Amino acid sequence: MEQFFTQLTNGLAVGGIYALIALGYTMVYGILKLINFAHGDLFTIGAYLGLTLLASLALTDTVGAVAGLLVLAVMVMGLVGVIGILLDRAAYKPLRTSPRLSAVVSALGASIVFSNTIMLVYGPSPRVYPQGLLPTHVLDVFGLSIPVMRLVILTTSLVLMVGLYIFIQKTRTGTAIRAAAIDQDAARLMGINVDRVIMLVFFIGPALGGAAGLMVGLHYGQINFTMGWLYGLKAFTAAILGGIGNIPGAMVGGLLLGVIESMGAAYISNAWKDAIAFFVLILILIVRPTGLLGERVAEKI
Amino acid sequence: MTVAARKIKKPLYAVIAACWLAAPFFLGNYQLDVLNNIAIYALLGLSLNIILGYAGMFHMGHGAFFAVGAYTTAVINTTWGVPVLWLLPLSGVAAGLFALVVAKPIIHLRGDYLLIVTIGMVEIVRIALVNNVFGITGGSNGIFGIDAPSLFGRTISGIVAPGDYFYLVTAFLAFTITVFYLLEHSRFGRALQFLNQDPVAAEGSGIDTARYRLAAFGIGAFWAGMVGNLYASKITFISPESFSFWESVVMFMIVILGGAGSIPGVLLGAFLIIGLPELFQGLQQYRLLLFGIVLVAMMIFRPQGILPPAPRSYGVAEDDGENGGQNSAQDGASGGEVRP
Amino acid sequence: MSLLRIENAIRYFGGLMAVGDVSFTVPEGSVFGLIGPNGAGKTTVFNLITGNYRLDSGKIFFRNEDISRMATHRVVERGIARTFQNIRLFSGMTVLENVLAGRHCRMKAGPVAAMLRLPSQRIEERRAVARAMAELLFVGLAGHAGNLAKNLSYGNQRLLEIARALAADPRLIILDEPAGGMNDYETTALVELISKIRDRGITVMLIEHDMSLVMRACERIVVLEHGKKIAAGNPGEIQSDPAVIEAYLGGDDDEF
Amino acid sequence: MKKILLLLVAASLFWAGPVFSSDTIRIGLMCPLTGSWASEGQDMRRIVELLADEINEQGGILGKTVEVVVADDGGDPRTAATAAQRLVQRDVVGVIGTYGSSITEASQNIYAATGTLQIANGSTSVRLSEKGLPYFFRTCPRDDEQGRVAVETMLADGHDKIAILHDSTTYARGLADEARALIDASAAEVVFFDALTPGEQDYTTILTQIRGNNPDVVFFTGYYPEAGMLLRQKLEMGLDTPFIGGDANNNPDLVKIAGARAGAGFRFLSPPVPGDLPSPEAKAFLDAYNEAYGQAPGSIWAVLAGDGFRVLAKAIEETGSTDTDTIADYLKNGLSEFPGLTGTIDFDDKGDRIGDVYRVYEVDDEGRFVLQM
């Protein structure tokens, strides 16, 4: 039983990261119906930028650990967000009216460009975050030993997700995003600046991905130029699992995927872990063809 | 398409086909090996085109069928010594049956949901191969010592004599182009395009869309399985690394970049996606970066694909024999006249 | 003799009853009209007949065969072809190919026959093209055969849908607002086309808002309101039926 | 315009046929310059090019300049086969490389069929040299040798409940299987045998499981990035089972990833690194590498590529020939106790390196790799 709960928390921690990256996927998808395969690489860029800024600015020395990391996070999110906007301008915007899959290939091309650029700039070897910035003690919760950083990661992911959800649901801008996601033309007629909304989405999504990259770097320490592909694929899976285009769906999908992986690995086989996760995904989609929280839209005939 | 462009098309295809056929007389083994790879991926692209191009199903796991075919050949050839070319149809059947079984429950999924499920399928296949499922795939070691194909007592090694192999794979490519061209211009090919453009209207016109979706998977997989046979006997060694998810992505890019639903487009797509990284070999570690930039640029430059499908004529209103010519120029050898 | 018989058809959407206990029969060889204000459930009835929607209860018989649970493509095979209210053509394909889509269910050649180009397949293909051309000639679009469907005018797209439906050799053709978007001249031609279709022995069933067309073309009419049948009869009876007048005057429709 | 020019240059490189020239000796280097193993491949290129420059400064081999022809194998079998054809066509005397057994295997047939000498550097799978290919050599030891040393080490420490963790790659799986067979034949038992997914960040799930099985020692046969993560997360979880790693862990980045505290006490097997060899060649090489690139070489595998190059150069020099048979014969029968960068080098009839190559290293409290015996 103890093992079960430990594995559950293991799964939730990984799932929180998946969920955070999945949000970027799902937001972009919601507006443009575009699968942004370069999103995982934006996550990697976040991790590398975090490392560079951490090393060059020495923020944690001058303003203290917590404040330093917060400033760092804001800077990384801002920079990755801007890169997201530039990515959209360069690789996706010219393809708005083209067949959907053309933009997918453009995204794959962008992913190749990003990962190889990181390799050329930072070198092909893994890079390592400085250690000792974060607390490493272990909490004892009802007999379970849980490293405090796991909780911090999970909490941070949840706070960012809930923040985004409130932003989307409660603010005027959020309403504009939702309107544009439902029908761009109608939204335009209602006076919504759809181009600005798209720009905003291409800022927020990558920014969240960048935040996830920074968190992975800070917590796990090791980053490498190919990691975005794997995380991106997992996040895409999570977004689909929850119902793509649906923000709570991405959260649920991410956390659930993390738990499925962890449980599958623990109780069936580690070597088959990803196969098990995909198998469960396929089963879920057979029963619910639009994901867990995705709406089933009956087509008007 | 302008009249001038149409007029130039036929001789242009003829010139390309002639150059292709003459390649072994001018090129070294390395260049021929690259051309052989291009031909193999062109075949894979054409088989994926049935599913992704004509039927419009988002399928990014074609490598799974390729793998089933390659492993069928490898296992049977290395265990019982059955000549690899005999296994060509069997590899296709194995992959086709596999596709029918796995595609059946997922065929109703739309768009991106199908995309992730097919990705999941190819990953499950790869992981199963790595973990040596059934104990016959050699696990992560793969299978080595697969025979080269042999025809009329002559061994056609893709390693020692890429020129010989070149003509084998070219013959198969010509055959494939011909039959897929005929398929495209038939009741079956049209049905796939109808359900791609509007599934409701297709169903309302009396087309059993679910059956045709499944059939598209079956035929595409059957062909990919046969290409798996050719690949395994070319390289004589296969391991799960040859069937990673990225290989499926490569096939996907070939179809979309070239022009979904267009046979000449897919051929050009294979040439670019497989050829360009080799062309950039001199740039060493910068080569993939350049490749990525070129990929994005080409997509932006030609959003519909580089050679999107042209409308077909049926010899009724304004037939100029263009389609028949297109086919005969491409397949070079048979030159079959195609006219309804 | 009744070609189509609908018995107590019921269909809900969510909690809303779109079609509530509707029964009527369509006699063979007639032009049959289904009318009613917006949202009365007319198109839903069509979709129930063609199997696009499933009945919640009730039965539909076509030539005395129960087709209530039949898949759409099977219904087409049985001899019911249709057009769509919002035009649904294969817009990126040629006009001729669109008609060939309708011919699909009367052809046999499978993929293997096509790949091998068997003689039977070639003959079938040639006949299908000839037949498709004949249908295009019938609706007056023969000159457009090689054009892409999306380049046709709105009215011609409606005609193309009819040609596609006719190519399926239907016994019953269902036209969902065939005159939508047509000008007076085109509408007059359409009335003529409908009677020509009937003269070929094909029963016509249509939904139409253009009441003058309905009254000119139809021999029998059923009126729906809020998913219920409120009247049935010939044009004269319908025009004088108080329930119908009430329904149309009470609604915001003013076409009557 | 620039791009077009670049394309033209690239195109001319692609279509360049075999160029025969009498005053250069071409040696091929096949390595992963892109893809997941790019760090290994790029280091291989640095080392081999550095050694070639040195030789050329001293007048080349047999008075001829050495030219290193590099081909990127991308770390995948298909690209590797094409890269092999490319090198063969450039008329190289022999080929150094490559990293990864299945990548080597995909190219092996081509070199064998075209009579090209191949000296692999990071391909330890047993079967590569069991096929009886006459021109195949490797400077790295084999998995069975490594498995034997690993199991002996663990048994000598009195461990009898052993967990084995691999990563499903050809190499790691092969080593894990070798070790399992040896342990099964001994008094000890394997209490856990499974694979992690390489490239991930979070291995707590598998560590939790290992803890549940309560082994005396964990033998991890995968690569250093994952080993670093395992050690780090093991410390965080408070798991104190000792870990012992295979030779893919000999990379200074291991400690950077794990952190000195988590890394301390970790042991791994490896051929000796140049810094631990007293030979003047090793020292000279280290100095030269340091001077050229401002750091120590990363992976031992890249250094083994350097040894492959040096052995080949030596063979050409000694035999005065670029004939494959002559060189292969010399390597098998003529070469004796060649002072390599990783110890003395001799080859047996299969082309495998002879001798006790493996050493046990332990990471000390400051993160240094300390040779144990």
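Chains: A, B, C and D, in written order; residue numbering restarts at 1 for each.
One rule holds in what follows: a contact is a pair of C-beta atoms (placed from the backbone, for glycine too) under 8 Å apart; a residue touches a chain by one contact, two chains touch by 3 or more.
Being a predicted model, the structure only gives us computed values, none of them experimental.
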| item | value |
| --- | --- |
| Intersection of contact partners for chain A and chain D | B |
| Chain whose mean Cα position lies farthest from chain D | C |
| Centrality ranking, top chain (CA atoms only) | B |
| Whole-Å gap between the CA centroids of chain A and chain B | 33 |
| Centre-to-centre distance between chain C and chain A (centres being mean Cα positions), rounded to whole Å | 49 |
| Separation of chain B from chain D, taking each centre as the mean of its C-alpha atoms, in whole Å | 36 |
| Centre-to-centre distance between chain C and chain B (centres being mean Cα positions), rounded to whole Å | 41 |
| Junction residues of chain B, two or more chains touched | 130-131, 200, 285, 288 |
| Multi-chain contact residues (two or more partners), chain C | 52, 84 |
| Residue list for chain D, restricted to those that touch at least two other chains | 34, 38, 42, 168, 195 |
| Parts of chain B lying in touch with chain D, wherever the complex brings them together | 27-34, 37, 130-131, 139-142, 144-145, 157, 159-160, 162, 235-239, 241-242, 244, 277-285, 287-288, 290 |
| Chain B partner contacts - residues on chain A that touch it in the complex | 29, 35, 90-91, 94-95, 97-106, 108-114, 116-117, 119-120, 124, 233, 236-237, 240, 244, 269, 271-272, 274-275, 278-279, 281-282, 285-286, 289-291, 299, 301 |
| Residues on chain D engaged by chain A in the complex (per definition of touch) | 34-36, 38-39, 41-42, 168, 194-197, 199-202, 204-206, 208-209, 212, 225, 228-229, 232, 236-238, 253, 256-257, 259, 298 |
| Residue ranges of chain A touching chain D (in the complex, touch as defined) | 3, 6-7, 10-11, 13-14, 116, 119, 123-126, 128, 131, 136, 138, 145, 147, 149, 216, 220-222, 224, 226-227, 230, 261-262, 265-266, 269-271, 273-274 |
| Contact set on chain B toward chain A in their complex | 52, 58, 105-106, 108-113, 115-117, 119-121, 123-124, 127-128, 130-131, 200, 245, 249, 252-253, 256-257, 260, 285-286, 288-289, 291-296, 299-300, 303-305 |
